[in-house]
Amino acid sequence: MFVVMEQGATDAQVAAVIEKLVTVGFTVHRSTGVVHTVLGCVGPKEDIIDPRNLELLEGVKEVHPVMSQYKLASRNFNPAGTRVNVRGVEIGGDAVVVVAGPCSVENEEQIERSAEQVAVAGAKGLRGGAFKPRSSPYSFQGLGEAGLKIMQKAAHRHGLFVVSEVMDHTQIAMMEQYVDLFQVGARNMQNFNLLKELAKSRTPVLLKRGISATIEELLLSSEYLLSGGNYNVILCERGIRTFESYTRNTMDISAIPVVKKLSHLPMMADPSHGTGRRDKVIPMARAAVAAGADGLLVEVHPTPDQALSDGAQSLYPDQFTELMQQLRMIAPAVGRTL
Amino acid sequence: MFVVMEQGATDAQVAAVIEKLVTVGFTVHRSTGVVHTVLGCVGPKEDIIDPRNLELLEGVKEVHPVMSQYKLASRNFNPAGTRVNVRGVEIGGDAVVVVAGPCSVENEEQIERSAEQVAVAGAKGLRGGAFKPRSSPYSFQGLGEAGLKIMQKAAHRHGLFVVSEVMDHTQIAMMEQYVDLFQVGARNMQNFNLLKELAKSRTPVLLKRGISATIEELLLSSEYLLSGGNYNVILCERGIRTFESYTRNTMDISAIPVVKKLSHLPMMADPSHGTGRRDKVIPMARAAVAAGADGLLVEVHPTPDQALSDGAQSLYPDQFTELMQQLRMIAPAVGRTL
Amino acid sequence: MFVVMEQGATDAQVAAVIEKLVTVGFTVHRSTGVVHTVLGCVGPKEDIIDPRNLELLEGVKEVHPVMSQYKLASRNFNPAGTRVNVRGVEIGGDAVVVVAGPCSVENEEQIERSAEQVAVAGAKGLRGGAFKPRSSPYSFQGLGEAGLKIMQKAAHRHGLFVVSEVMDHTQIAMMEQYVDLFQVGARNMQNFNLLKELAKSRTPVLLKRGISATIEELLLSSEYLLSGGNYNVILCERGIRTFESYTRNTMDISAIPVVKKLSHLPMMADPSHGTGRRDKVIPMARAAVAAGADGLLVEVHPTPDQALSDGAQSLYPDQFTELMQQLRMIAPAVGRTL
Amino acid sequence: MFVVMEQGATDAQVAAVIEKLVTVGFTVHRSTGVVHTVLGCVGPKEDIIDPRNLELLEGVKEVHPVMSQYKLASRNFNPAGTRVNVRGVEIGGDAVVVVAGPCSVENEEQIERSAEQVAVAGAKGLRGGAFKPRSSPYSFQGLGEAGLKIMQKAAHRHGLFVVSEVMDHTQIAMMEQYVDLFQVGARNMQNFNLLKELAKSRTPVLLKRGISATIEELLLSSEYLLSGGNYNVILCERGIRTFESYTRNTMDISAIPVVKKLSHLPMMADPSHGTGRRDKVIPMARAAVAAGADGLLVEVHPTPDQALSDGAQSLYPDQFTELMQQLRMIAPAVGRTL
């Protein structure tokens, strides 16, 4: 940690800051520059003091913490990169893995058709929501466990793994019977009670970035899973909230190479939620793979116009097929297969 | 709902849109302007169709939904404004109500001193966290139920009502024994499972705006509580995330008059979380009252330097006393007392 | 324009709004829905009234303008898409056009080497700044006209067109002698005096999106150029300001397909300013092409470590060569060549 | 400057970074912590190297610059605070100074009535635009010099100083004849050519924060004025762009106490542009004064409904009078007069 004193800070002020630092356990090195005095502090654990407590001392200009708060998620914990095995499919390896399917599980026929269509086109996983968190209390709320049963049967019949969102820690035990990869939605990225319970599971977890979460906060949330013992973690960009309102969110494609540098965890992208509009899903899916994503989550529905939720961002099956062909051309440019 | 066709949209495109609208149950009125054809649609329920499904039709330029998705939270549901009674104290009435106390319940002595100090200075409620959602898994996580017991005793002894954060629907029944006003934190503003269960409680709820939530989303979340039967809802501004990083969040003071216009619910402000720095809490507390807030939530700690969490944004007791004196001068300028 | 009345608006309020609308020249159609009364207004010119003036009338809930404020920039003005000819190179056609070069013109040798290297790798244009707008008054401010002379000589010798930023309307006449494509920087996107003067030029203009400009504002600014008579306009995404601070800006890749849908103008992308970090330039350049960009602006410097400005975001020449090879693999996936 | 090496950085990597630092002129002090090696660097001028050039070296985790890039704007340059004298009125002193008037100068009668009304209510300055930068090329563009003449006559007759926006460096000489305080609009906050020329003037300058400018960037822009020799600089908050779209901008009230701490320059607030809606101007004006603003800029128009621009955010004269009365009650709470 570094404490930069204001220009003109008095010796008494500097001494008071040093005393505070020493009291909590830091070793302090003082450098006196032309303009600023700077205190470099080395301690056993940096978070023994809230940096803001130092910033509020007289004569302090600013405080720079040094240590990352995330440790296990950091790249140098596993420089070669983690490959997460989801029912035999490796995410984070040479192949870009595509997970596709409808927003919500609606009925058996819809899921069966979805599974068949996306498997034929080359997807490896089937996505579908059984519990739908909707901003309005007046909208369709999902089929629950019945939906998961339908989904598991259809997915496994077509050789696909099952991805579905867990909303609450009370759902984990039930869902583990059906799901091969838990999805934690953007709104739950900082639901620490949920993360702590998922950490005890051995089922892999796909953790989506919150719409107002920094990349560092995403990594800190993954730390809850890793430090609790679940190392099968995959991260996912799905759009952040900005002033631009033409698209529902602004998909932060640059987060993909940034996360790949900072962390060893695989990084996927969800262009369906990232844009909210079917006609933008395809270009953003291509962009994500071109930027180095380890996989994609794409909403596809046999008949988007009849979808009970998010039909507007679901691809038609033939659009998905065409997208997969384009991705097969792009993947080699980043040294990947599909 | 209005559908605006693109300049140059063909008659066939217009006809296709009209057919779609009529099929789902709308009555359509077509106006042909110099540049754009516009379709006005009146139907039994506007949300029978996702506007994005219309936007994706050929020839459609844009779609404007008309009906608010929130109904019970809307001002005209109770034009005179709602006054929420919290253990005999009215929030939303003539008096500005101040709730104060430490970030976390740490021990009996700390809470007793806090309660005494804030009561003497004029606060009506005691705040304090028993469960602490921390972004790092390595930080202090709260005292739990034991903390709530301590808090209730101290608060009621000093004539204060108790405010504490509920993190999860499984905590509601236990917490109801101790808490006079449930706080829903910013991260849980869209935890709909939690909101649905709180709606069944008769204990009042203070709902904080999420750091990336629009005012409309805040009102929609309050609708979950109201439509479920809990009418004792208070809203709270506590800062939104913007590009400016000098303050932890940017406190959106203008949300106060905006919410007061759109909704009948009381609107409080939390300048402690809104700024994250003790030296900015006081000016922002004054600003919130000057802008028309119905109350404040302020972090005060008997010894902020020893606080286990958020000491940097906690006021010293004498700073709080001084703030209350300033607020007593400002309140009459907005026709209020304190 | 549509005016939506509040639930419970009185007949007198509705009548007052209608009167106001009729007075300024609108024909009004009233629809009475279950909840809201809505007034559809058709007039000769929509902007004869500021929508906020209507919003402030008693009983008005919201106002929706219908007509785009941009007309000439709109896609339907030229549905096939505009191709801008810059010294014989077509931008907006089948080929993705890459412009490359250093941030600033520093000296003759640096520019000559830059021009040669980027031409060999396949670039069609040479970029370089002669006037450097720096946020600090204490930084290198550029070579001015001398720099433009050097640049023109080197570029044309290697068959490249010249792109350089114009800072001010007083520079236009001088710069036209050297520059084949004027660049308007992000900070000047709404410098309307500058745009009005550039509109009188016949030299093409590359208009960069401001870091806090919406897509609609970018198109409105282009309207200043088009309505003033300069139809050779190219737009460019270069990152917007968001809460995420790991990258200097957040490059809004989705703006590329959005602009291509809304407007007929070519849309380029600048991954160097969009990310501010060399190691992120390459993935974001690939992403932009995969998303459908008509061209790229990339900073390349013969020796980035010695660059007088922005060396950190400049590619090494061999990195640029490698990027061009990757782009040649991606372009066919979007039906383009390079 | 501090360079934090990654966990696991090799000795060779550390040595390479030290060499680079020493080469450009830094003295380096190395601290080896449990996890990270940190290099503290002291040099004659910190900006001899772009921190990003260090961030890109192998093994570097992050770089923290220490010195502020602004020097003359910094609080410790004049700890007592600067008072700017504008035609005999002191801004930054004990009294809160209110400047009021219409958005645009429209005609003699409108300005005469505006000046009279705001002077009677207690304003000290008259504001009004002669050149209107409009996002649409099809809107009213201002009266130019004729407008300034009208304005000067009316203002001085009523004992008010004149504030008007300068759009371009070519207008300075002409405008200096009429204007007592130059306003630099939000869009020009980083128009460095304009700032450099204004720095040569002795007329005071009111510099508005750009809608996407950080507080630090605002101070850096003021440094252009100060370092060029014009010390009569006043800063002004007028709203930043965020995801919230109910208000035109989000007025960052917290910027007021932040700037007052970081800088000695006076800080005003413009609630009219900060909110864009008349009904929000009054609460935000009160909030700004309660938060410690040195003054306000408020749009007032004799007949807002007939205003040629921004009528929707202009107060009626009697609303302004009422606001002034409220401000007189609030000012003493912050130790000020009005």
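The first chain written gets the first letter, and so on, giving A, B, C and D; residue counts start at 1 in each chain.
Here is the rule we use: contacts are C-beta pairs under 8 Å (C-beta built on N, C-alpha and C of every residue); 3 or more make two chains touch, one makes a residue touch a chain.
Keep in mind that this is a model prediction, so the values were computed, not measured.
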Centre to centre, using CA atoms, which chain is the farthest one from subunit C? B
Pick out the pair in A-C, B-D or A-D whose interface repeats that of B-C, meaning over half of the contact pairs match by residue number. A-D
Rounded Å distance between subunit B and subunit D, as computed from the means of their C-alpha atoms: 30
Report the inter-centroid distance (CA atoms only) between subunit A and subunit D in whole Å. 38
Could you grab the centroid distance between subunit C and subunit D? Build each centroid from C-alpha atoms only and quote it in angstrom. 26
Where subunit B touches two or more other chains, by residue: 212, 241-243, 245, 279
Going by the contact rule at the top, pick out the subunit D residues touching subunit C in the complex. 47, 50, 52-53, 55-56, 69, 133-139, 167-170, 187-188, 190-193, 196, 210-212, 217, 220-221, 223-224, 227-228, 241, 276-279, 305, 310-313
Which bits of subunit A are touching subunit D when the two form their complex? 2, 4, 6-8, 29, 31-36, 38, 40, 42, 44, 61, 64, 66-68, 74, 76, 241-243, 245
Partner subunit D, residues of subunit B touching it in the complex: 212, 214-216, 240, 242-247, 250-258, 261, 274-275, 279-280, 283-284, 286-292, 326-327, 329-330, 332-334
